[in-house]
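Consider the two complexes below, in which chain A is the common component and chain B and chain C are the respective partners.
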Partner chain A sequence: MTSLRVRGGTARRFPSSNLVRALAPYGFISPTGILIIVLMIVPIVMVIGYSLLDNVITTPESKFAGLANYIAVFTDPNFLNAVKNTLIFTVCSVVAHLVLGLGFALMLNSPLLGRLSRAVFRVIFILPWLFTAAIIAILWRLILDPNGVINYVLVQTGLIHTGVAWFATPATALLAVTVMNIWAGYPFFMISLLAGLQGIPRDLYEAATVDGAGWFVQFRNVTLPQLRPIIVSMATLDLLWTTQQFALIWLTTGGGPINFTEMLSTFTYKLAFSNFEFSEASASAVIILLGSLIVAFFYVRQQRAQD
Partner chain B sequence: MGKEAHAKRRVLGLLGAAAAATLILAGCSGTAGGSTSSGKVTIEFSQWWEPELPAGALKKLVGEFETANPNITVKLISGPYASIQDQTTTAVASGTMADVVGLDGAWVSDLVKQGGLDNLSKEITSSGYDASQLSSQVKISGSTYMIPVVNFVYPMFTNDDLLSKAGVSAPPTTQSEFLKDAKAVSALGGPVKGWILPLGTTNPNGVQNDIMSWLWASGGSMLKNGEPNLTSSKVEDTVNFVKSLSDAKAIADGAATLQETDKVTQFTNGQVGMMIDSLAHIDTIRKANPNLKFSISAIPAADGYSGKRGIPFASWGIGVSNKSAHKAEAWKLVEFMMSKKTNSTVSTLAHGFPGNTGSTPDFSTSDPLYSQAFKIYQAGYPANEFVGLPVANELMRDFDVEFQKVLAGDESVSAMLKATQAQWKAKF
Partner chain C sequence: MTMSLRARRRIITKTGLLVGLLIGAVFAGFPVFWMLVSSFKTNTEIFAFPPQLITKGFSFDAYIAVFNDPEEIRFFINSYVVAISVTIVTVLVSLMAAYAFSRHEFRFKKPLNMVILGVQAVPPITLLIPFFGLMVTLQLYNTYGGLILTYVVFTLPYAIIMMTGYFNTLPRELDEAVKIDGGGSWTTLWRILVPISVPGIVSVGVYTFMIAWNEYLFALTLTRTTDMRTVPVGIQLLLGQNSYHWNQMMAISVLGSIPVLILFLVFQRYFIGGLTSGSVKS
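Coming up: the complex of A and B.
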């Protein structure tokens, strides 16, 4: 024990054995560590464990089944269909989020817009991000209803003869849910890219102008390289989030019509809560986790490179 | 950094560790449900009924039970139907299911398979309960696991104004009349259609309420000796009949993603002439569109059928947890809910039909359609073959997806029924 002299000359004693000193750092990180273990590591390990058993929850005694659940999932034609739909849905959504987000961010950052109109557009463009998934689903179901606004406009302009049930028609259902997801997600890109645009030093553009660069050359050689770290981070995160999109699909199509909008998320949910095949659902979840880990790996690598 | 700061950091570190330890202990310690203190027993009752009954109604009934049984306290666990379903499934696994549980017949088979439900036949025998007063019991392998407290039937609703505009003077009573009337209403033009068929797979109960109801109304069955029998001529006739309505473009657009709520909304808005729906929605329709004139009648039967008509129903069922430490007290609550007086009160409040044959709902102050529905119910018989089947929701979803292929022109009716039969067989 050592004594510590403090202001006013009063000595207070604090434990200072080597053991306490060694344990102190662990004490600091223990609340976070415990939370990570309880909320993340334990559930993940449990799900991996479940995926190797014949079934859980619905059976009083579970037996080790090896990779049987993984084989069952991989050989299920609906799983392959869900993988295909998820890929189309995700790639289209992320690309459109990026293009729309960048387009709107450039517009809001443009000196051509006055302060008032910029504020108005900023509010309008960010609106979709303020709605919850349930509201977005209801809104789009109304918009795309056979008697809804979109069909009314299309019929009135003579582009179609009768209203189309966009969510319920096999040929248009995937397109409909993708458009809805694009609408719901682009503001996040827009806000982040706008912040990035506002951080690009003006002198870079001035130097480019002096060198005789036009708008497009400036965009390609100044704006895009400056935004690159943000674009890569956002695209990676969006890829992860969109792959796991569940609420919007479930609330609009439920994976239908037939299986035309079945995603990995809805496929897994149905396995667990409709078929009560919790082990197969766990196997499916582990497969999604592995896919997400690959994307996360590139995300972390990119972040490190940025640092 | 000075020594004082170092020491403070160490103390803070120890405090952090203490907080973490508290967190773990808090996470690990749980109060066991149904604990006994000073001779009093507390039992839990999970259900989705409380939010659907008038405010305070279930609490009042439970209060009456507690007064009659001073040693038993009932803790109500209430939530929406879907939450209670998920909670019940997972609670069985963790052994935390409430002592008394509100059940839907479609859940029973799976919960029994999980070993979650108490065999009520034993409670009935040991308590000397007169089971003949029960209108029905949901049994698995001859043993009772659920008792329906209130039944909600699904008759046919018809929009009087639309039918009248289409030149239809009375609701159809046969399938051919129905097809003719549905075509006539659809011919009115605009967004109006004769019938609405919700086939959304999020909740595929349209298969039970809107497709199989036609089969049951004509005395048919989709099972034979407890096994699927979808390839029978009666089932094929039913599916062909529904397909003929689609071919005639007499069904509201977008059926593949419509849910029960869409059905009620479109009927309330006057967009569809006819629907098969729960009586529970009468008040909702009246409130949303007080000017809508509508009637209810029995579901039309196949031409030439003159026997009793099956009428689809859903139940608020009740059961007891197999892991309950207070089964005797839990059974007392079941007995109370099924008693003549309480059952009459619950069915009156819920606008349903009682599970006790001696109970009579008081519809004197309710919408006259309820009394009319009671007559339809008494003239026919409650029919819902999905009750007690394994993974009932998934069976409906299988049927739904295959039927959508028929409507999309990708499959014939007979091929669809064969495919669904094979899928169902695998699940049985």
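Coming up: the complex of A and C.
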């Protein structure tokens, strides 16, 4: 921050190259500016425009439709169903990511653990994060197959009688995609929380030990308050990402069976690219955008408050 | 007496920790382990009862099948072409933008900065429909160019934030010295800042490559023909087509994960540092 203010003085010492120097930053910034305007700002304006017209993309002429597309989306029972599923999926995922991420980070940070074993366990715990959603989806289809290895273990231990088609059964499909997403997403929490744990000043714990505080009291009164800023920002980011999850759902259940795992993302995708209702899909896309912006707004405000 | 009590408590804690770690390792590692094991099976052994870890049919057949199928090789070529191109373009463009943000004052600096921060909150699904229309209009539908442009725009905002943060940590005296010697901004950036910014560039590069290599939704929507599909979309095509050649799908999954695994193992520090510092503190 201090070095930011040093600069003004030197620039003024070279009046001859003033013009070049004044134009230089625009040269450096123009590729970014053009890309962001053409492929970010224009598309956002386009999708808002689409959402107010009828029969876009499929026909050359479309008329202004007002809010008809929004009304159509909001009165679609499957949209409300998708909102409900997305909420359940997201809340369960974020909470589980936090609990697992924190649990693993605490274990990895334990002073009882040697350097080598810490490094080995850390790599193992990070593993799920290194695979792309498409591969995770296929892998979980294999292990959750009715004849697959997880069903075998569950049957052998007597927890279930026969193999269950977890992704294809209405009662279990949402559970199955949620568990898969929990597996895929907790390492990101773990990494950040581990970094946070390592940043907590030792003397805080020493002071607590002197006061006779046990492990749990230390955890509640030192660890959690110190990690709070990281937890809040990770949870908000995870909330944004999880509500937008598409590939994991699309490649396992496709929103089915019937609509039992339909999410906002799969609902919108199907409207556009299966039913070719691009106008309605655009309205749904704008609704998702507004939801995300609200979450992002609170995220930024929270970050500001932290500084 | 007290010593032995403390020692006993220590042993109990240590055992509990170890049990916890092992349960965690099974939860995290087993699916990955199963992927690897299954890729070395014959397809008939995939659902053998009871499931087997190391099978009699242990073989590299699934991998050989992947390497002998030009269609599947093509998925990998496409993924490499797209991901490497995106990485190069994003690194270059973000270096220039970060230099402007870190070292210059200019009009629209604040609003542009706000836009770069803000667009990160835009959900991909919101952009999907207009991108589809735009790429068709620009005749970039079903081309490398369309995918590359798309991923550059998606990775650029965060790349700029990371790179600007890195430049801000470098002493300004360096570029002031070049200016006094008569060098322009262009020289300062490429001759002075870039050579000492390798860790920052690696972080941006790894992040960008990973996003481009893993992306699914736009790869699915902006390409149409099998010869333009990338690995994540290609795997799914095998699901319907080959009546479930699980061993081959697992082999492709292993091969498709190798680039990211290698990047992670080699650049572990940059990787974690780059990804977490921005999201936690930015």
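We adopt the following convention: the second predicted complex is superposed on the first by the 272 of 307 C-alpha atoms of A that agree within 3 Å, B and C clash if a C-alpha of one lies under 4 Å from a C-alpha of the other, contacts with A are read in each partner's own complex, and residues count from 1 in each chain.
One rule holds in what follows: contacts are C-beta pairs under 8 Å (C-beta built on N, C-alpha and C of every residue); 3 or more make two chains touch, one makes a residue touch a chain.
Not measured: the values here are computed from a predicted model.
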- Query: Should A:P128 be classified as contacting the first partner (chain B), the second (chain C), both, or neither?
  - Reply: second
- Quick one: classify A:D145 as touching chain B (first), chain C (second), both or neither. both
- Is A:G256 in contact with chain B, with chain C, with both, or with neither (first, second, both, neither)? first
- Task: State whether A:F79 touches chain B only (first), chain C only (second), both chains, or neither.
- Result: neither
- Message: Tell me the contact category for A:S110 with respect to chain B and chain C: first, second, both or neither.
- Response: second
- First, second, both or neither for A:F273, with chain B first and chain C second: both
- Regarding the shared-chain residue A:Y70, is it in contact with chain B (first), chain C (second), both, or neither? neither
- So, A:P25: does it touch chain B (first), chain C (second), both, or neither? both
- Is A:T58 contacted by the first partner chain B, the second partner chain C, both or neither? first
- Quick one: chain B or chain C, who's touching more of chain A? C
- Query: Of all the chain A residues, which ones make contact with chain B and with chain C?
  - Reply: 6, 14, 20-21, 24-29, 31, 33, 35, 57, 145, 147, 251, 273
- Per the touch rule above, chain C residues touching chain A in the complex are 10, 13-14, 17, 20-21, 24-25, 27-29, 31-32, 34-35, 38, 46-47, 49-51, 93-94, 96-97, 99-101, 103-106, 109, 112, 115-134, 149-150, 152-153, 156-157, 160, 168, 171-172, 176, 179, 184-186, 189, 213-214, 216-217, 221, 231-233, 235-236, 239, 246, 249-250, 253, 256-257, 260-261, 264, 272, 275-276, 279-280, 282
- Message: Under the definition above, what is the set of chain A residues touching chain C in their complex?
- Response: 3, 6-7, 10, 14, 17, 20-21, 24-29, 31-33, 35-36, 39-44, 46-47, 50, 57, 103-104, 107, 110, 112-113, 117, 121, 124-128, 130-135, 138-140, 142-143, 145, 147-149, 152, 156, 183, 187-188, 191-192, 195-196, 230, 233-234, 237, 240, 243-244, 246-247, 251, 264-265, 268-269, 272-273, 278, 281-282, 285-286, 288-289, 292-293, 295-296, 299-300, 303
- Note on the structure: Residue set of chain B touching chain A in the complex reads 3-4, 7, 9-17, 19-20, 23-24, 27, 86, 89-90, 92-93, 110, 113-115, 191, 199-203, 253-258, 271, 391, 393-394, 397, 400-401, 404-405, 408, 410
- Given the complex with chain B, which residues does chain A contribute to the contact? 2, 4, 6, 14-16, 20-21, 23-31, 33-35, 38, 56-60, 145-147, 163, 165, 167-170, 173, 250-259, 270, 273-276
